[in-house]
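Listed next: structures, encoded as structure tokens.
Two complexes come next, and they have one chain in common, subunit A, joined by subunit B in the first and subunit C in the second.
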Partner chain A sequence: MKRKRYLTSLVAAFLIISLALAGCSSNAGNSSSGGDDVPQELTYASTTKAVGLSPIETNDSVSSRVIEQIYETLFVRDPKTMEIVPKLAKSYETPDSKTWVIKLKEGIKFHDGTDFNAEAVKYTFDKFRDPETAAPRASLLEPIESVEVKDQYTVVIKTKEPYGPMLAALSHTNASIVSPTADKKGSLNKEPVGTGPFKFVEWATGDHITLEANQEYWKDAPKLQKVTFKVVPEVNTAVSMLQTGEVQFIDGLTPQQLPRLEKLKNVEIMKEEGTPVSYLGFNMKKEPTSDLKFRQAVAHAINREAYVKKLKGLGVQSNSIIGPKVFGYDKAAEKLGYNYDPEKSKQLLKENGYEGTTLKILAANTGNYMMMAEIVQAQLKKVGINAQIESMEWGTFLDVSKKGDFDITFLGWTNSTADGSELLYPNLHSDNAGSSNRTQYSSPEFDKLVDESRTIVDQEKRKQKLMEANELAVKDAAWVVMNHGVVTAAYDKSVKGLEMDPTGQWSLYNVHRE
Partner chain B sequence: MPASEAVATQSKLGKQTEGKQKVIVVTLKKLLKNRLAVFGLFIIFIQILMAVFAPWITHYSPVTQSLVNSELPVGSENHWLGTDNYGRDMWSRIVFGARISLVVGLVSVILGLTGGIALGLISGYFRKLDGWIMRFVDLLFAFPGILLAMLIIAMLGTSLVNVMIAISIWSIPTCARIVRGSVLSVKKQEYIVAMKSLGAGNSRILIKHILPNCMAPIIVFATMRMATAILSTSALSFLGLGAQPPTPEWGAMIAAGQDYMWTSPHMTIVPGIAIMLVVFAFNVLGDGLRDALDPNMDLG
Partner chain C sequence: MVGLIIRRMLQLVVLLIGISFIVFMSMHLSPGDPASIIGGPTATESDIEAIRNNLGLNDPVLVQYANYMTGVVQGDLGFSYQTKQSVSEAIITRFPNTLNLAIASMIVAVVIGVTAGIISALKQNSWIDVSSTVVSLAGISIPNFWLGTVLILVFSVGLQWLPVGGLSEPFWTIEGMKQLILPAITLGTGSAAMIARMSRSTMLEVIRADFVRTARAKGVKEKTVIWVHALRNAMIPVITVIGLNFGFLLGGTIITEQVFAINGVGRLMIEAIAARDFPMVQGSVLLVAALFVLVNLIVDLIYSVIDPRISYD
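And then the complex of A and B:
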């Protein structure tokens, strides 16, 4: 008797649970199909939180994603043609190689009602360059000598030397124009005011940032009424939220998440070849990695094809340091690198007395860096190099790698201007050795070419110099390029009109839901 | 010493060893009646076999990658437990991982016991040092266990050896307290007082007479501690503080498999089950031993 009752309750419990589960799954299905009046709202999830919302004072990608919706730059790089076109600017001319005269669009207002004019541009750039501001990307506008207001809508920028990547620098998110009134009143980091299609509403630190449509935008007002940037620290959770419709948009997908996302019926995946690059860097100040022969042996030992396959389409194999989507790329560089050839690697090690070398691989435990480290470790072992991996979290890694306490390390560079100078100068020029040039590569010949690429204003000549510099560094095995990046996003099918730059940036201006 | 007395002592010694053997036999009998404890013993026995014969019962090296064969599911041809994200055989990694967790567990428990027993004996026996040592132990107790281990690793650097050191230090305070408690009760026994009045040295009394009588709680503690040590090693490796790649440590394997939870769940589940079984085994064995070693517990 008692037992029977027990059984009945068990069956009942089972029924309830299965009903509940069925309810859940049908909910998930409904959210994707959408109705006639889908709210014009969008929630984006990132795993880390934004640092601040002032373009002048920040330099991390999560902050930039928000900043790009609130502020605008004078120029932008067209994602399709990769040409730089005016945005807040109307036109520009260069009377001589050190002077840039920029005409501005008229009748644009900041969110707080302040007029956008030459004064605002001067204010922004002066603040950006002020040593007291200590802007993290100050180097972008470092070559500028003065910014002058010619008339209300004309600015004249004079540089110390001819500055080739000027337009690329001015199209960088961090060179966005800010409202002088708002900046004088308070901190833009907490209360951002720009000219962009979205206005700041609130920021619950560590949880979310809310923006709303700017109805007075200088073009048509955006269709999305409300945009939320949510922090979801765990990728798997973010994907689950995308599945249930709590979040409509995530980016920076990992190859591990891809198979799961592809199975979700309500999710669309976007993959675009982009400008980021991931590479293996050698410590140039230490034996044996300072020896070209040894670096060649390492490059020959690594099967990058197998590694790129593991990325499941989220990476492009290339020998060139300047990637296919970056200004200065040259197909000829592909033939110059050192391809997978373990026999040649062994031979090089033997000829130069490097058999049985022990190395220290330093790797950050984020992104794909651990995967690179483990695969390279196993492949080096095959040619007789014993490598020990030391893994650490990103912050510690940055300190340790700056000190040069490694033989081999893995790094990446998201080139947000898509200009080769912005890749070669910070990462490989001896000016930056020990800071952003973590491998401390230094070659006078290479430095000269990069300097020229920065000081020549003629874009065709610049490209030539960049190609030569790239060729030199590839031959020198300064890096072993693991892969060039693919920028990715996954979004709910109800989201339409989303476009992504090769730099991984996106604007929600043209996005709507249906 | 007169001859007759010597003979008497000898026969007494004989009786003592006989008595010891009897205690062991009785304890074992009690233990074997406890089904859970037998199950625990069985699992531990299997782990020991895996650890000892690791190279002979696996076909693949636990660290050799084969990127073309990566993420094979459980039950694949040639890889019955599948492969991980680098195409390494899961069975090989589990077997060699058994070796690591056993060694780390044993070493850290032995180190911890040595420290803990020494401190406990001294503290319980010499009243003057008692206060000092116990305050030091209290100090160690003030840190939550895993945090103390993380602190030590932060100072020494990440490696398996440092994990062993950290876990053994973490074991010291508990062990010292247990031993001290037993010493306090044993040292008041008449035979110890008798030894003292016969003029036996302190070290002789401590090691030959007090320590053997404190063994029961120490054995139970050591067995239980094995479980904690194995679990903590895995936890620390999971956090990236212990074994460094490509070491096939179970906790590190779970951490690596995390990203593949939805596509290759066996990468986390298999090492997870391994950890669970072994920790469970040591815990039930410890429980069984406690019951078996307790003289007040009846056989029936």
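And then the complex of A and C:
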């Protein structure tokens, strides 16, 4: 009898403690929508961690999200018009096709109080290009031969060959300007110093990064006073945190989370057509995928409309490799691709002796790649192609796909400069076959057009070359475009003024909470 | 006892050298190139080659291992390929989170497990016993991942009693304790179930033993028989399970840390494996292995305290 009483007291004590702790709740579970006293603070959650905060030494999207708030580039692409406009630069001119004279804005200071000037630009780009630095994105400024200081606020960039995508390259996050003084003093990767609207406060590696408003910003100071980038590896947890108000902003939503997010009353969802592209790539060095007829048959077998429907609005169907939001897009390319037509596919397979072919599909087990692989496998079966899926984690996938151990694979490209050359050159030019050109597509005619798009400085002419190159690759069925991306975000309704760039990037400069 | 400790420490050194070699080789021989991952799919071959040179990955594997071990002997676990952070620093900042989580889970496991086990044994075949057995079985079978998500949905999103994630506050503060409750229950449930089953079976054995009957025959109070005579003797196998479980909890926090966004060693390890961040993987595996051995050593030492018949001298 007595023992029973002990047990009851134990359970009661546990409940009392739990309730007491719950009662001490500060604001867990309270969404902070509405009210005048909403703190001007924002927490953003990402599923992976930032690896470094120096634009020179990193090349991953999570680090870039933070870097974009701290640093600034000379030029920037206007998200609305997609035109490149000066940011830290004031103006530029190109006296000849290999020379770029860039005038800089005056009176801008880095967070450490030092001046932003031509020396800083030269220092940043020289360090970026130095082989010792081993910058992951060094190829971006590889065409540059020299960077010279003409006067305090003028830099002269000379290129080895004419470099068409120069402005796009200079508006890339990795080409952000860093404070030379801070870089010489310590590691910008750990203690970043830029000219941007937010200043670095602290970094608990793997957990969170905190930034605060730069009150001395060269434009009006930002309204948000504190910004936290938190790592929440499990997406469902991140959605729960958004629901309870522990975080206010997540991005890169997947179709699986969308139904749950759409039901949340305190959450706003943003979807914008973007520059990313997801594709099915063929191994161009192996039979039968090296045969155009076979690739056409595969392309005709895939019902991409059905696939895009499964994305629940997070993808756009298109035949063009260069997407609608990328420089070099041409509507005419839509008509050149190979649409869903299983009968034609069967006919092509029969005519060319490919009936009953067996294929290996290589798919990374991240993002939507497995879904693509499964859908394509089922659709290929309908036309008589037997495909086996081999799935693997990202690190192994990068290795295996580089070695060309596949017939068909799936990949994507974010295109953070929104310039067609930046899509076609790394992914389909023979210079990069076996590295970033995973399918090892190689066409001298295509290479020539892409080279021209990179070496012509006149933007209209470049666009023409990109359109031609795109048409050629589409006709060649180098890729089957599964979908063009839609950039997404979900945020608490108290967050106002958030704008997404079609590249998926965003700035918190104009954001506030109310 | 001192002899035992010294012996075990020497064994530990040999063990760690063996583990470091196996982990090093398996990381280097398995597919996946750290430089490709750092460069990402956008990097060109020349970019990747430069990164590889920079990390010293072009040296022969055995040379790399020798370089690594030279550092380790001097107390330098190297630098992360990915974040360039010192491995020891990365582990030191995260280890307290993992330790707090493991200890809190162990408390949950021991309190629930031992209590449930003893009650079941004393009330053998009653409804309490049957339900405790069923719950234990469920506890062992439920994946942490599922349990964690459900607890979040019920207690954080639904009832709004506890925060969803993170271990940002110190554990001795109320906020810190609140942050620990759900992860500790998630991680501790499996161990609680195992401990409950073990306590039940050993307790059943002990209460039928001769010395217990003798004690009862001598007229010792039932409470004293159970809590003093029986429990102490039933605890030895239970302590072994607790010790082993604690080792597993320290190394097995990965999923719980993922679900509750806790920045611990488990997560550090899984991220490092995905990024082929060799020095970071090495460092965290060595830490977990060393802890496992140490916890087992402590358990062995506790035996002699509980049962004076066990002596190491």
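In the analysis below, the second predicted complex is superposed on the first by the 482 of 514 C-alpha atoms of A that agree within 3 Å, B and C clash if a C-alpha of one lies under 4 Å from a C-alpha of the other, contacts with A are read in each partner's own complex, and residues count from 1 in each chain.
Please note the rule applied: a contact is a pair of C-beta atoms (placed from the backbone, for glycine too) under 8 Å apart; a residue touches a chain by one contact, two chains touch by 3 or more.
In this text the structure is predicted, and so the values were computed from the model without any measurement.
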Overlay on subunit A: subunit C relative to subunit B, clash or fit: fit
Which of subunit B and subunit C A:306 touches, first, second, both or neither: first
Partner chain(s) touched by A:317 [first = subunit B, second = subunit C, both, neither]: neither
Of subunit B and subunit C, the chain that contacts the larger number of subunit A residues: C
Contacts of A:347 with subunit B and subunit C, given as first, second, both or neither: neither
Touching partner for A:510 - first (subunit B), second (subunit C), both, neither: neither
From subunit A, separation angle of subunit B and subunit C (C-alpha centres, steps of 10 degrees): 40
First, second, both or neither for A:236, with subunit B first and subunit C second: both
Which superposed partner A:378 touches (first subunit B, second subunit C, both, neither): first
Subunit B versus subunit C as contact partner of A:430, first or second or both or neither: neither
Contacts of A:40 with subunit B and subunit C, given as first, second, both or neither: neither
Subunit B and subunit C, minimum CA distance [Å, superposed model]: 8
Subunit B/subunit C common contact set on subunit A: 236, 393
Residue ranges of subunit A in contact with subunit B within the complex: 235-236, 239, 254, 256-257, 259-260, 303, 306-307, 309-310, 365, 370-371, 373-375, 377-379, 388-393
In the complex with subunit C, residue positions of subunit A that touch it: 7, 10, 18-19, 21-22, 24-26, 28-30, 45, 48-49, 51-52, 57, 59-60, 131, 134-139, 142, 187, 189-190, 204-208, 230-234, 236-238, 240-241, 243-244, 246, 393-396, 398-400, 402, 411, 413, 426, 431-432, 434-436, 438
Residues of subunit C touching subunit A in the complex: 30-33, 36-48, 50-51, 53-54, 82-85, 90, 93-94, 115, 119, 149, 152-153, 156-157, 159-166, 168, 174-175, 177-178, 181, 257-261, 263, 267-268, 271, 274-276
Residue numbers on subunit B that touch subunit A, as the complex places them: 63-65, 67-68, 70, 85-86, 158, 240, 244-246, 258-263
